[in-house]
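Just below sit the structures, each encoded as structure tokens.
Here come two complexes built around chain A, the first alongside chain B, the second alongside chain C.
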Partner chain A sequence: MLTERRLESLLEVRGLHTYFYTYEGVVKAVNSVSFVLNRGEITGLVGESGSGKSVTAQSIVRLVKAPGKIVEGEVWLDGQDLMSCSEHEMQSVRGRMISTIFQEPRAALNPLFTVGDQIGRVIQLREGCSRKAAEGLAIEVMRAVEIADPERRAGAYPHELSGGMCQRIMVAIALSANPLLLIADEPTTGLDVTVQAQVLDLIRLRVKSAGSACLFITHDLGVVAELCERVIVMYAGRVVEQGPVAEIFSNPRHPYTQGLIASTLRVDINKPISTIPGTVPDAVLLPSGCTFHPRCPFAEELCEQEEPSMAAAGMQHRARCHIVSGRIEGEMREDAWELAVAQAGGTDSFLQSVQGDTTDPEVGIE
Partner chain B sequence: MRLLQYVAKRLLQLIPVLLGVSIIIFTISHVLPGNPVYVFVGLETTQEQIEEITKRLGLDKPLHEQYFIWLGNVLRGDLGESWFTSEPVAQDLIRRFPATFELTTAALVLAIAIGVPLGVLSAVYRNSWIDNFSRGITLVGVSVPSFWLGLILIYVLFYLLRIFPPPSGRIGLLVSPPDRITGLYLVDSILTGNWKAFSSSAQHLALPVMTEALVALAPITRLMRSSMLEVLGSEYIQAARANGVPERQIYFRDALRNALLAPLTFVALVYGNLLGGSVVIERIFSWPGIGRYALESIVVKDYNAVQGFVLMAAVLYVLVFLIVDILYFVIDPRITA
Partner chain C sequence: MSNVNDESFVQIRNLSKDFLIRAGMFSHVRLRAVDDISFDIPKGATMGLVGESGCGKTTAGRCLLRLIEPTAGEIRMGEHNLTSLKRDQVAQIRGRMQMVFQDPGGALTPRMTIGAILREPLDLHTNLNAHEKDQRVRQLLFQVGLQPDHLSRYPHQFSGGQQQRIGVARAIATHPDFIVLDEPTSALDVSVRGQILRLLTQLQEEMGLTYLFISHDLSVIKHTCSQVAVMYLGRIVETGSTAEIFNSPVHPYTQALLSAVPIPDPGQRGKERLRLPGEVPSPIDLPPGCRLYSRCPYRRDACLEPGPPLLQVADTHRAACILVDDRFRLGGGNVAAALSPPAQETIRM
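Up next, the complex of A and B:
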């Protein structure tokens, strides 16, 4: 049982804290984040902008930009603790064991070098082969991601290629390493839909065939549903819910996840689109207790006072909510978010109406 | 091939620019108050004599006609005669230009050789001792006027410490200059194997070069630092790191080339400016360059000389920018012909 688990899990993040020390105060961008990524699985990491998704990814490869700093936590990759590696050792982890694909493919390529040169360079560093051999390999790598006429394209500069083509090249560089872990940070955000589908297919195919793990950062739940096996939901630097995709989409337990799902467009169901009221809280002055409570339709006094801990919500399914843990005896009405939109015009009346609907006056605090 | 095309195109573009420059220079010198005829004549001159001289100088013709005559002369290399030196202005300028060129180029090379690495290091090791050190140097360079700096250097390094010779021009008074090939004393003395002249002219160069270099060094260092910081924070540098590229390679291969783009224009600006003669520094060090020539000509109202000097300075400026544009074209593939 134990050995089997060890084989399956590839990356384990335990209690990761990454803080940014700004003039306004300390921003807890990643706050006690723990999760496991399994081999051959794609895990979606979702959340609004500023929820700490990208910083989590940067923390894994230890490339957090100043003034950010990894304060504590462990990151185990295939039995090796990356946090205790030297910077030199990390350099051989990056681009070999862990590859990263970035959001803006054009910005992620150096404008002054040809793409063939840039791919070849990474290959040369990794394989220690000659420049000439690396250039040959670069063309093979480009062909593997279905770039037509790779010999000619290798001599092109990034500004001469389309965004989709640049992203293929980033994917080519990332996948040519056969990495244990692929981190994809919103890799399809700027691309048009057909190109997006091609890039996703490419990632899926390579992750599955190589048995790597993939952390796929996105705010597009549609992509998660289509691509991922597991999903981690982050809010204000914390993981608020995680579990298998099928489980979370059919039975979201955290109010924030429910709100996210309710606010996606569905063509198959005739329902109004709802939104989550309010905005992501100020990163310096986080709300007390559960950071989501000011936006939560089910919030009670306890939520303001005490931060909930992760509680089991089903098979491999955990959520950070007092209702899930049973500290608050309440029921989350599935249609709360939709009702809210149907009934209310503004955010304030929306909050009142939802709270009025769902809050049982007799619910006590344990 | 692409490069040749680009150079040809840029050279063609110079024609209207230089024509515009010539019109401006001509107009300014002709609308200035004061009749140049009075420079020739004494107080006792009759009206007829004045009219005759005006006619002889061609000043009675319409302004546009005068311009074309002047332009025709300029194109034939005739900038008129200096009333002060009684030599053709073109010849005066050509004889003095190597002194300015040698000083300016040496100063700029020194400023770049120190400023670029210093800027890069202060970006890479931000807020370290080296960053603070460079901040101090650049603060001095920006805030201290060059004439004061020149005088202090002369006082300390010549008068007190006797490390360098007095500010008496390009070469020691008892040393004969090298045979003229390029007019640059350092180059000529190497070419002719005249080591005595080489050592003397190198020593005489030292103080004015240090003065001029420090003035140019400050902004080059600051610009290099900020440019490097910006590049190091960019996505493609983050991507290179994520691909396991070692830091040293990131600095010197990925970042440096990008970071050099912004300061390049500034260097051109400084060089173009200094090539037009740094009047103050040439004056302090008795440097026989075109800056000092211009100053002397202005003092004695030597119009032809001033006009010739301004034209030359403008042409040099334009040429420096042409060279920089070509450099950009070579470095940055995003620039198309």
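Up next, the complex of A and C:
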């Protein structure tokens, strides 16, 4: 799936480590994360809650809150090293070069000002134009994101608008700057599907027409399949697999990615409900070796002892697994996940073997 | 779902619920959250109630258990007519109908241990002695896949998936016949969601439970329910077997809802979709006609008249759209053809 045109990289993240120093211990929220974002491409960052996807985004714009700290790593945006920028320089990077959209649109808007004011303020700061002119531009921006009757809606406060409308306004504010990079952190979680479809269409259209890069954070593989060109899968602070979207979905190589795809329910086909046994590990006490090994149906002794490194799994496709690197003999078949679970005696007994023996209630009573 | 028989166990007839919203110091406006809905659930079956936020699905579920009082209509569960019972009589049979809530952490009292949480329904609804209660609590933990040493722990010491297991254990503690599941998996991660869905299906088979499964997530509904009702702005717009609703949806709203669900397969990106413009209108002072009128690509003047009622499409399949009616049908007798979206209304992506 290698296209003729050369992809131009815009953002490069190298060896990023972001740790949180809590009372319970050090949480390695982002652990040696590296990736590249290309211009004109939407990259999906996928993972379950606590996998470190949002902290990765916060680290790129250097907005990690205490007790979190970027310990190590480089972030290059269009040839500029963001980690060596002063706070003052970062302020001009945020909003102008990198825009962010967050999950809760109402929480991100100021409830005391009308939405027209808030869009206008951003435009005024950036363009250095008069307030009057900014107001006019704000209405144009609202029209561009298909808000009906923008002249009237510009005078509305955030609580007077629906969640979908607020999110479209956030998209409008974020994209009005024509940023080089758009970071969208679960922008459609909490929106209804029909409204989600409208917001996704809008993001796709605007990113493509502006030639920006987009890092789209989500836990929904359906959204990734519909929107993204490239996928990064994170688990417990680490990138476990990355590659082109078609490759990831048709030929996932990391057992976690396989499990995620297998447990995603679909409206278009019938299949038995599959699941990944166990839960995401405690962030302070990560398992030894491969952090996924306690939940992995393919795990062997080596996985417990040694953490795998990223290995090539295909064209621009890499996965962090001993089977992919060839250190463990293993056959990765398309139905490998179902097969391995079945061999372990069905999900439920596999589940029990993972969670520890469940005592028979009759025996457990004195 | 082996225990399903044709006899309906839960019967809802013309259920409505109004809320009065303060509009001024002395004036109120009426918000009809649930508007004249009727459906049956056979014993041992799962009925899915699906719709977007604000469609009235949660209100309907709460009315069913009389956690809130319905404004009009009749609810029957087995031999009981729930709407004619007094509140204290409802409390007496509450052990037979239970609910599992969306936010598993918020639904468990943070100051009570798991043992105390599970013992509470037994104290209220059963005459078991202390030893029997102890035994039952341990059995419940085993049934939902938790361990006996979890009994002395507090809710915050568990993950979301485990908290929901506790919520399920509490719901089944009193051997209920009927459980309303209100978005039981929407707060959970994908990998854990499957575990809870399997648990619910397994318990249904073991205990012969009847479920009302409320969700906004069509893929979850498809994999757990035998029948589905789709709600929009307080009304049921389409109902039928899961296969009927998912394979041949007739109502434009159901079609749009289904085609808006992202498919986790990049190969299907180019498929045609039916997109509804605009957003759900305010549920206050709705016009008498079809609720979808303002967003429907097939709308015509007749849609503004009061109604439409649920019209039969096939066997158990009914839809509230005048295009199902012969008089308004576009192309011959084929409903599906009449309703396939007009070319200019679909967009390619």
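Heads up, the rule we're going with is that the second predicted complex is superposed on the first by the 325 of 366 C-alpha atoms of A that agree within 3 Å, B and C clash if a C-alpha of one lies under 4 Å from a C-alpha of the other, contacts with A are read in each partner's own complex, and residues count from 1 in each chain.
The criterion applied here is as follows: a contact is a pair of C-beta atoms (placed from the backbone, for glycine too) under 8 Å apart; a residue touches a chain by one contact, two chains touch by 3 or more.
Quick caveat, the model's predicted, so the values are computed rather than measured.
Student: After superposing on the shared chain, does chain C or chain B touch more chain A residues?
Tutor: When the residues of chain A touched by each partner are counted, C comes out ahead.
Student: Touching A:I173, do we find chain B (first), chain C (second), both, or neither?
Tutor: So A:I173 only meets chain B here.
Student: Should A:A225 be classified as contacting the first partner (chain B), the second (chain C), both, or neither?
Tutor: The answer is second: A:A225 touches chain C but not chain B.
Student: Looking at A:S274, would you say it contacts chain B, chain C, both, or neither? Reply first, second, both or neither.
Tutor: Touch partner of A:S274: chain C, not chain B.
Student: For A:Q91 in the superposed arrangement: first (chain B), second (chain C), both or neither?
Tutor: Once the two structures are laid over each other on A, A:Q91 reaches chain B alone.
Student: Tell me the contact category for A:V61 with respect to chain B and chain C: first, second, both or neither.
Tutor: In the superposition, A:V61 contacts chain B only.
Student: Where on chain A do the contacts from chain B and from chain C line up?
Tutor: none
Student: Residue numbers of chain B touching chain A in their complex, please.
Tutor: By the definition above, chain B touches chain A via 233-236, 238-247, 254, 257-258, 331-334.
Student: Mind listing the chain A positions that touch chain B in their complex?
Tutor: Residue positions touching the partner: 61, 63, 65, 91-96, 99-100, 102, 104, 107-112, 114, 121-122, 125-126, 157, 159, 170, 173.
Student: For the complex, which residues does chain C have touching chain A?
Tutor: Against chain A, chain C makes touches at 52-53, 134-135, 138-139, 141-142, 145-148, 159, 161-162, 189-195, 197-198, 201, 216, 218-220, 222-223, 246, 256-258, 260-269, 273, 275-276, 278-280, 349.
Student: Using the touch definition from the top, list the residues of chain A that touch chain C in their complex.
Tutor: 48-49, 148, 162, 164-165, 192-198, 200-201, 204, 219-227, 245-246, 249-250, 259-261, 263-268, 270, 273-277, 279-280, 347-348, 351-352, 355-356, 358-361, 364-365
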